[in-house]
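Chain nomenclature is as follows: A, B and C, assigned in order of appearance, with residue numbering initiated at 1 for each chain independently.
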Amino acid sequence: MTKRLKHFYESQQLDKDLIFHFFEEADKMSEKDYEDDLLKGEILATLFCEPSARTKFSPTMTSFKSAMLKLGGNVITEETIKELSSAFEAGSIEDTIMVVGKYSDCAIIKHYEEGTVKRAAEIAEIPLINAGDGRGQNPTQALTDIYTINNEIGRLENLKVILVGDLANGREVRSLSYLLAKLPQNKLTFVSPDNLKMKDDVKGYLRENKIEFEEHSDLNKILPEADVIYMTRIQKERMPSEDYERAKGKYVINESNFSLIRKDARILHPLPRVDEIQLPFHVIRYNPKVAIFNQVENGLYIRMALLKHLIGE
Amino acid sequence: MTKRLKHFYESQQLDKDLIFHFFEEADKMSEKDYEDDLLKGEILATLFCEPSARTKFSPTMTSFKSAMLKLGGNVITEETIKELSSAFEAGSIEDTIMVVGKYSDCAIIKHYEEGTVKRAAEIAEIPLINAGDGRGQNPTQALTDIYTINNEIGRLENLKVILVGDLANGREVRSLSYLLAKLPQNKLTFVSPDNLKMKDDVKGYLRENKIEFEEHSDLNKILPEADVIYMTRIQKERMPSEDYERAKGKYVINESNFSLIRKDARILHPLPRVDEIQLPFHVIRYNPKVAIFNQVENGLYIRMALLKHLIGE
Amino acid sequence: MTKRLKHFYESQQLDKDLIFHFFEEADKMSEKDYEDDLLKGEILATLFCEPSARTKFSPTMTSFKSAMLKLGGNVITEETIKELSSAFEAGSIEDTIMVVGKYSDCAIIKHYEEGTVKRAAEIAEIPLINAGDGRGQNPTQALTDIYTINNEIGRLENLKVILVGDLANGREVRSLSYLLAKLPQNKLTFVSPDNLKMKDDVKGYLRENKIEFEEHSDLNKILPEADVIYMTRIQKERMPSEDYERAKGKYVINESNFSLIRKDARILHPLPRVDEIQLPFHVIRYNPKVAIFNQVENGLYIRMALLKHLIGE
């Protein structure tokens, strides 16, 4: 029998059975094969706990809101801003979780501090979902990513997956690596500026799970062998500006190396993009080698499947 | 047969048939003659893309949210703030539109840059509606305005319409002028501080459409002949402070010139007001010569009619 | 027959009949004994009018949103920020209320200025509810508080209620005192730093209603006689920093004085907390002497009862 999740805060919680269970459910969602009032009367709270008032638009949050509404549920959106938190929040993530647990049936949390959602799950009365915790994880994006890979390439084994960009701070690429560790017989290659390499926690987990991986510095050289090229932005807000200047623009896909990518390979990106993919918009949209908008769409179906699992079952 | 809009980004898209079609539909909405689950399962995204985190309340946005809910649909509210956009948004309105198109069924966009919604409509997979684009247009307000004029005065021809205030930066007054160009046999008079005159694009369009217009500097002199006095605020945030000081308070309606306005004439204002209408609140609310709160209410019915047209038909 | 409220802006509007009417209704809500589409088609607007963009999360607002959705209604969330209000809001609370009245069926208002909601109610076309007005009141919290006291202690008479903390600026403690004035045969004790004493308007009202009260400076001395200990935070944002330093940490419940509290007594707190209750989280959550999370939950039922009364009846 398939395992049941109570919360979803990190990729390591999944196993192969559960992964493919979510794929089946997501397929049904994409075929409109679901009850549109499955979650009637249920309330999803989205909690945006960020260090400033400035960053607001999150594709992860937006897709969860849409997923909840499509299944007939309702959404309450809340924000707390760290700047003011000395007075209001100090040590009070527990209180916030208790309040939200009384007023909603599930909460999606985006938080500036790594580990917060896992910690909060210990006390929560309702299912919690991690929509990004500092430099930690964004596991629902990783599930979306491998669902997209499976749909686009037709398999989840014997894949050569290249992960490119800010591997030190990008929580999507961290969650994806942890998730790929559940699927042996794939090979990972990390390509990043020197100062933004994949961290040891992920590497250790891959070794434990006997997943083959390597680091490489010449993107163009390995592009022809890649099945999946996972591009990410340099996380400017998480480093000193001199580090950003050193790293930005170092690894990009543009019109000169795009032809090195095989026709049956796929470029993915969790968005938002900065300058990692320097191709005309019509190429990004219509060339089958770029799958990022399919990936966006798949995010809706995967999140519908997750909400059904966590609230509706 | 009446034309069908796919998007609605500027007044010029309308013609006389379509205008009166929307009037009929809005009438039905005001009489509660509509299916209250017409848009069940549909999601409207409101995108607030502003230069700062400070300006939030928009009557246009609020009325669209209400209109969507009244028709049984749902709303997702999103914001992006330009201040941070160097990292997150550069050149990515296309990405944002694609993401929103995957997660909703229609989007209302308020953007700091003129022309954005028209440009975005070229790639959008869902209907887009312009709720204000920089110094560009706010066409759903203009449709509300002429619906109000028609209801209040009983006709849309042989009208003398005076447009007063910041005609250079006010997108409502620009949209209204473009829309009145579709209705000949009316006469427009522009009254503005010297530094905030109506721009040549609008004037050129009026000439092409053979609409009579003039500029005038003495408001009180022409008030007695006016059928409609359309007041607007000086857009402080769009000009140097010395220009604002020069312009503010130059043209106002107050207790001394209110009596110059005929009993069958109407004052309109798209809100928010600053000091353009210096009358006691009970006069603004109850004197039939001031139609601004009827105008606010009509905004709901017109936007219900627009959502029905763009999503429900 | 029970009195009917049109708006709810201050505790003084309630009488004993109405209080117990709301208790009965809240009981039904807690037992899921309500029609889940009672408010179908109705729209609640939440208006957050704050001096800055930084404070966002309000348990009062969140519980109202949840209450509205649970009863089948819909919610529109709006914010206005005072910083920008010189241009947009000056003197225009009336306009805002008129706009909101055209686009929704009830409005919850949180405003930086005392008395705003009462003033707005004079012109509003829809029911208004005060969710906090500057140093004024938060009456729906007070109703939640006495509902909780009644549930926890089993009576609303012959109680000794201690109110602790920032009694000068805390609107919850002010609303609670006004409300307790409707229930004679209870005794109030105010414990606050010297610079943050309960104000004369409340004291005068208590005297008029012949409610016994006293001020006391030694919390530990009176803890053993208390039935209810109502803790509040020092409102840092409403005083000079030297006043805050003088007041903070002066009156707290911690492991050393917690044992002075009787087993059948209850600690309440309107949240958010800062450092007034220095007990381990599991004590706060599971020890029956601390009722703050029951109080949070009761807030939902009371607000459902209020929305039913103001919109649904």
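The criterion applied here is as follows: a contact is a pair of C-beta atoms (placed from the backbone, for glycine too) under 8 Å apart; a residue touches a chain by one contact, two chains touch by 3 or more.
These figures come from a predicted structure and were not determined experimentally.
Engineer: Can you tell me the C-alpha superposition angle of subunit A onto subunit C, nearest 5°?
Structural biologist: Best-fit rotation on C-alpha atoms: 120 degrees.
Engineer: For the copies subunit A and subunit B, give the interface type as same if over half of its residue numbers appear on both sides, and as different if under half do.
Structural biologist: Result for this pair: different.
Engineer: Would you mind pulling out the distance in Å between where the CA atoms of subunit A average out and where those of subunit B do?
Structural biologist: That gives a centre separation of 39 Å.
Engineer: Mind pulling the residue numbers of subunit B that touch at least two other chains?
Structural biologist: Where subunit B meets two or more other chains at a single residue, that happens at 53, 77.
Engineer: In the complex formed with subunit A, which residues of subunit C make contact?
Structural biologist: Touch list, subunit C to subunit A: 36, 53-57, 59, 62-63, 65-66, 69-70, 75, 77, 233, 236-237, 271-275, 281, 285, 293, 296-297, 299-300.
Engineer: Spell out the residues on subunit C that touch subunit B in their complex, using ranges where they run on.
Structural biologist: Listed in rising order, the residues of subunit C that touch subunit B are 41, 43, 45, 53, 74, 76-81, 83-84, 87-90, 92, 94-96, 98-100, 102-104, 123.
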